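Reading through the structure tokens given below for one structure.
Residue numbering begins at 1 within each chain, and the chains themselves are lettered A, B and C in the order written.
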Amino acid sequence: MAAALRPRRLTRSAHYVVALAVLLVVLVPVIYAVLGGFRTTGQISANPVGLPRPWVFDNYREILGSDTFWRQLRNSVVVAALTMAVIVPCASLAAFALARFEFAGREAVYALFTIGLLFPLTVAVLPLFISLRTADLLNNPLGVALPQAAFGLPTSIIVLRPFFRAIPAELEEAAALDGCGPFRFFYKVALPLSRPVLATVSVLAIVSSWNAFLLPLVVLSQPDQWTLPLGVTNFSTQYSSDTARVLAFTSLSMIPALVFYVIAERQIVRGLASGALKG
Amino acid sequence: MTAERPPGGTRPLPTADPGGVSPASGAGSGRAGARWSRRATIIAFLTPALVLYVLLALVPILQGAFYSGFDWNGLEPLEQFVGLQNYREALADPVFLAALRHVGVILVLSLVLQLPFALGLAVLLNERMRGRAVLRLFFFLPFVLSDVITAIVWRLILQPAGLVDHTLGAAGLDGFVRLWLADPGIVLYTVFFVVSWKYFGFHMILLLAGLQGIPFELEEAAALDGASRVQTFRYVTLPLLGPTIRICVFLSIIGSLQLFDLVWVMTGGGPVGASHTTVTYMLERGFERSRFGYGSAVAVIAFLISFAFALTYQRLVLRRDVAGALTAMGER
Amino acid sequence: MHRRIARTALLVGLAALVAASCGGDDDDAASSSDDGASGSDEPVTIEWWHIQNNDPGLSLWEDVAAEFEAEHPNVTIDITVYENEAFKTAIAPRLQAGDPPDLFQSWGGGELEQQVDAGLVQDISDGVAPWIDTLNQAAVTMYQVGDAQYGIPFDLGMVGFWYNKDLFAQAGIDAPPATWDELLTDVQKLKDAGITPLALGEGDKWPGMFWWAYLALRNGGPDAMREAGETGSFDSEPFVAAGEQLSELIALDPFQAGHLAAVWDGAGGQAATIATSGAAFHLMGQWAPGTQNANSPDGQGLGDKLGWFPFPAVDGGDGDPTDGFGGGNGFAVGRDAPPEAIEFLEYISSMDVARRWGETNSGILPVVIGSEDSITDPNLQGILAARADASFVQLYLDQAYDPDLGNAINDAVEQLYAGQASAEDVAQTIADAAGG
């Protein structure tokens, strides 16, 4: 035992060193971006690596004071909320049916949905653009939310189905005895039981909608409809010479995602872990 | 429907057997009616998702395949049918073939470097160590940031004489400084590094969860039998981690095949197309040049590759998993 | 079950409500634009996209818009500003959707022609007839397709060399090169003095195309350029020679580190490199000083250390050394634009606004005849003189030809810089793209 312990202490320190190194590589770019916003471009050109000297608040202040950032933030929120509002009902209904009903072609339908995992949204972007144009859904948050929901269905259904499967038969029998039909059972029993995984699906839908770039780029060409990723990209090219300002805008755009993440981290991690691996 | 049945009825409708509803076995006369309303129920449940999915996902894909047979700038009427010409052109274009190669390189590197790294970190975090939760929080952080933000910040950091170069210089590693984004021979690996930075946490979380699902007693038993840590890992842990690893591999490959946002914003596919992926190529040569037909052909090729892979993978690999893989639940 | 249906209906209803309220803004804008035919009391919005994303242009345009709005109280001008490259990406979906902005940046040439063919821009010949003759005709023709006018220029210049006088002196260069061979010698002198000779933002691709195009023009003259545009003869001798001469330059390794991925305007880019004296000279259009200053730490740029000289002559070339390569800026008028948009163009083309642009000395060279003396910067005066001398000005190749060919040229030339293709290959690739 003692012999086993000594190498363990060495490896233990090695563990910490490695973990620390990785932590640095992860955090430094983020810190760089945030600190960069507190400097002027002149400072950054003169000394790319350095603390703000002096601390400049104008960049952050101007952005927070301007319409643009808040409008884009609002647009991102609207699109994410719409996406979630569409995906959760559709996916849970479908996953429930695929989990608890037996019917001919069930696995085929499930496979149809899983195939959707391999369509990059990008493959469908050109025809979608044309369809949305015909349906007059361009420059409309729904024009982004609906396709995003459609492409998010596969992941959601894949995550949800095992959960619905796992609801014990006894519960269902009891419900049936009480005269509860499939819809009531779904709504009154299955959904509440699946709240954690529904939360996970919502979180995934929100995160992926929040960060989406290509579809909004193509659908939302009017600047007042832009979501944050579009705004950040445009800002970075429009003020391409003002590095400090670009970093400030980028950092501010990180914040909503980070805040959301800190709150929802447990949820995401738990959901991913158990949803994907349920045995 | 079931409300009409008397309480204490003969047959409960949906059961929770891994199979679902048992085939109609009740009284004859109500059977047809029950089957219809059962079918209606199923249809009702499935319709919202199916309608959304078919209309906004499947149909565009099929339309894309349709447009790929034309020479079309998106504005004029769809008239110039060219058959397989676009496909021939794409498959003959060295830039496109290079893009395919690039995707392949990133894919292989992800499997060979990124996943083992994530696994190593997962093992590390699985030990009882201080600050484990904090580390886990931070390692997953890049995943939450958008590809766009990641690309913008890293592009600044990787400038000649930027943060990375400065850091290397400060560490006395001047000789390692390269033109990270400007050297066509290196840019692809730079892209791979940034992609890994963003996604390693995601894989690590999955693997960590898998590790934590392995009962400690099994590893203890192996140790008691005299197995070394490496042997335990190799013969006990790794096989039990199989399903998780296979999912990570699947997601990693799909992700590589679809890589776009990060590359587009960070390098635009350049320089000289040295970091093009199939999707950045499609955007640059199709959309931006108003060649919708050609772009669609490229997209279809990309989809076929993903599809072929996914099908093969599901058949050969994922089917094997008994416990907990994505598709396995239905087979028992 | 009923509750589920109710909930779904509510969601759909909400969605429709959101869609209506969000789509509503577009409808208002569209209808007020369409109302243009009515009297001046109807509120009118003009959507204006320009690319002067740095000061002084940024503020000047704001002022001009505000002044016009003051004179026309029913008019609101909605300005959207883009950086050069971002504009090209952003305009595409709007054009694809058949919804062009009312006034938008245009360089004329083949791209404008494509837009005319697709019916996206307005024929403004009648609206501008009263005052079109007050503008430089070479500039005006760039915005004509057929015999009709579809846009109005506000700037015409030429691409030439901007150089750092101090660094040239340091390397012992007394006078700017007058021939191509002299230029190559000077590049070597700079290298010997430990100075990076040239800055290039090849990441954007078009800066590199400038070199090749000028050499082709010097070798083949206007006739070769015209013929290539019509028959696709880019594999003819002048173009191959251009590639070979450019390769000689590239072989000297004259550019700043990382030039293949560097941008024109942005951190570490071509403008920034020059502005911080990181390289001695570069080939760029008349807007260079403005962008250079914006990219310098103190916003001042090189000040009077900056000089300009025209593209040198090429011995044995058929072209005239005074031939110009360049273009300007202008605005195309969207199909649905109201008549007030044309009135705004008239205001932009007024002597007053033109002189104010000239006085900024930022590189915008106004095209209103008689406004030239508002420019006091010696470098810009040099360009004006060259402009007056030039009997022919070739428009930038990625604008003169349709976007597909223009992009193909940029991509092919990029390979030359990366050492991945020979001069013949490049010429052949472009000829194929033009013919095929």
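As a working rule, a residue touches a chain if its C-beta (ideal position, glycine included) is under 8 Å from a C-beta of that chain, and two chains touch if they have at least 3 such contacts.
Just so it is clear, the structure is predicted and the values come from calculations on it, not from any experiment.
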{"item": "Farthest chain relative to chain A (centres taken as mean CA coordinates)", "value": "C"}
{"item": "By count of C-beta pairs in contact, the leading pair of chains", "value": "A-B"}
{"item": "Length of the line joining the C-alpha centres of chain A and chain C, rounded to whole Å", "value": "38"}
{"item": "Rounded Å distance between chain A and chain B, as computed from the means of their C-alpha atoms", "value": "14"}
{"item": "Where chain B touches two or more other chains, by residue", "value": "48, 74, 156, 159, 161-162, 287"}
{"item": "Residues of chain C whose C-beta touches two or more other chains", "value": "8, 96, 98, 267"}
{"item": "Sequence positions of chain A contacting 2 or more other chains", "value": "86, 89, 181, 183, 218, 233, 243"}
{"item": "Footprint of chain B on chain A - complex, ascending", "value": "12, 15-16, 18-19, 22-23, 25-30, 32-33, 36, 48-49, 86, 89-91, 93-94, 96-103, 106-107, 109-110, 112-120, 122-128, 130-131, 146-147, 149-151, 153, 157-158, 161-162, 165, 167-173, 176-183, 185-186, 207, 210-211, 213-214, 218, 228-229, 232-233, 236, 243, 246-247, 250, 253-254, 257-258, 260-262, 265, 268-269, 272-274, 276-279"}
{"item": "Chain C-facing residues of chain B, complex", "value": "48, 74-76, 156, 159-162, 179, 181-184, 187, 267-268, 270-273, 287-291"}
{"item": "Complex interface listing, chain A residues touching chain C", "value": "41-42, 45-46, 78, 82, 85-86, 89, 129, 133, 136-142, 181, 183-184, 187, 217-219, 221-225, 233-234, 237-243"}
{"item": "Chain B - residues contacting chain A, complex", "value": "1-3, 5, 7-9, 12-23, 38-39, 41-42, 44-46, 48-50, 52-53, 55-61, 63-64, 67, 74, 121, 124-125, 127, 129, 135-142, 144-150, 152-154, 156-157, 159, 161-163, 166-167, 170, 197, 201, 205-206, 208-210, 212-213, 243-244, 247, 254, 257-258, 260-261, 264-265, 279, 282-283, 286-287, 292, 295-296, 299-300, 302-303, 306-307, 309-310, 314, 323-324, 326-327, 329-330"}
{"item": "Residues on chain C engaged by chain B in the complex (per definition of touch)", "value": "8, 88-89, 92, 95-96, 98, 114, 118, 120, 202-203, 257-262, 267-268, 403-404, 407, 411, 414-415, 417-418, 420"}
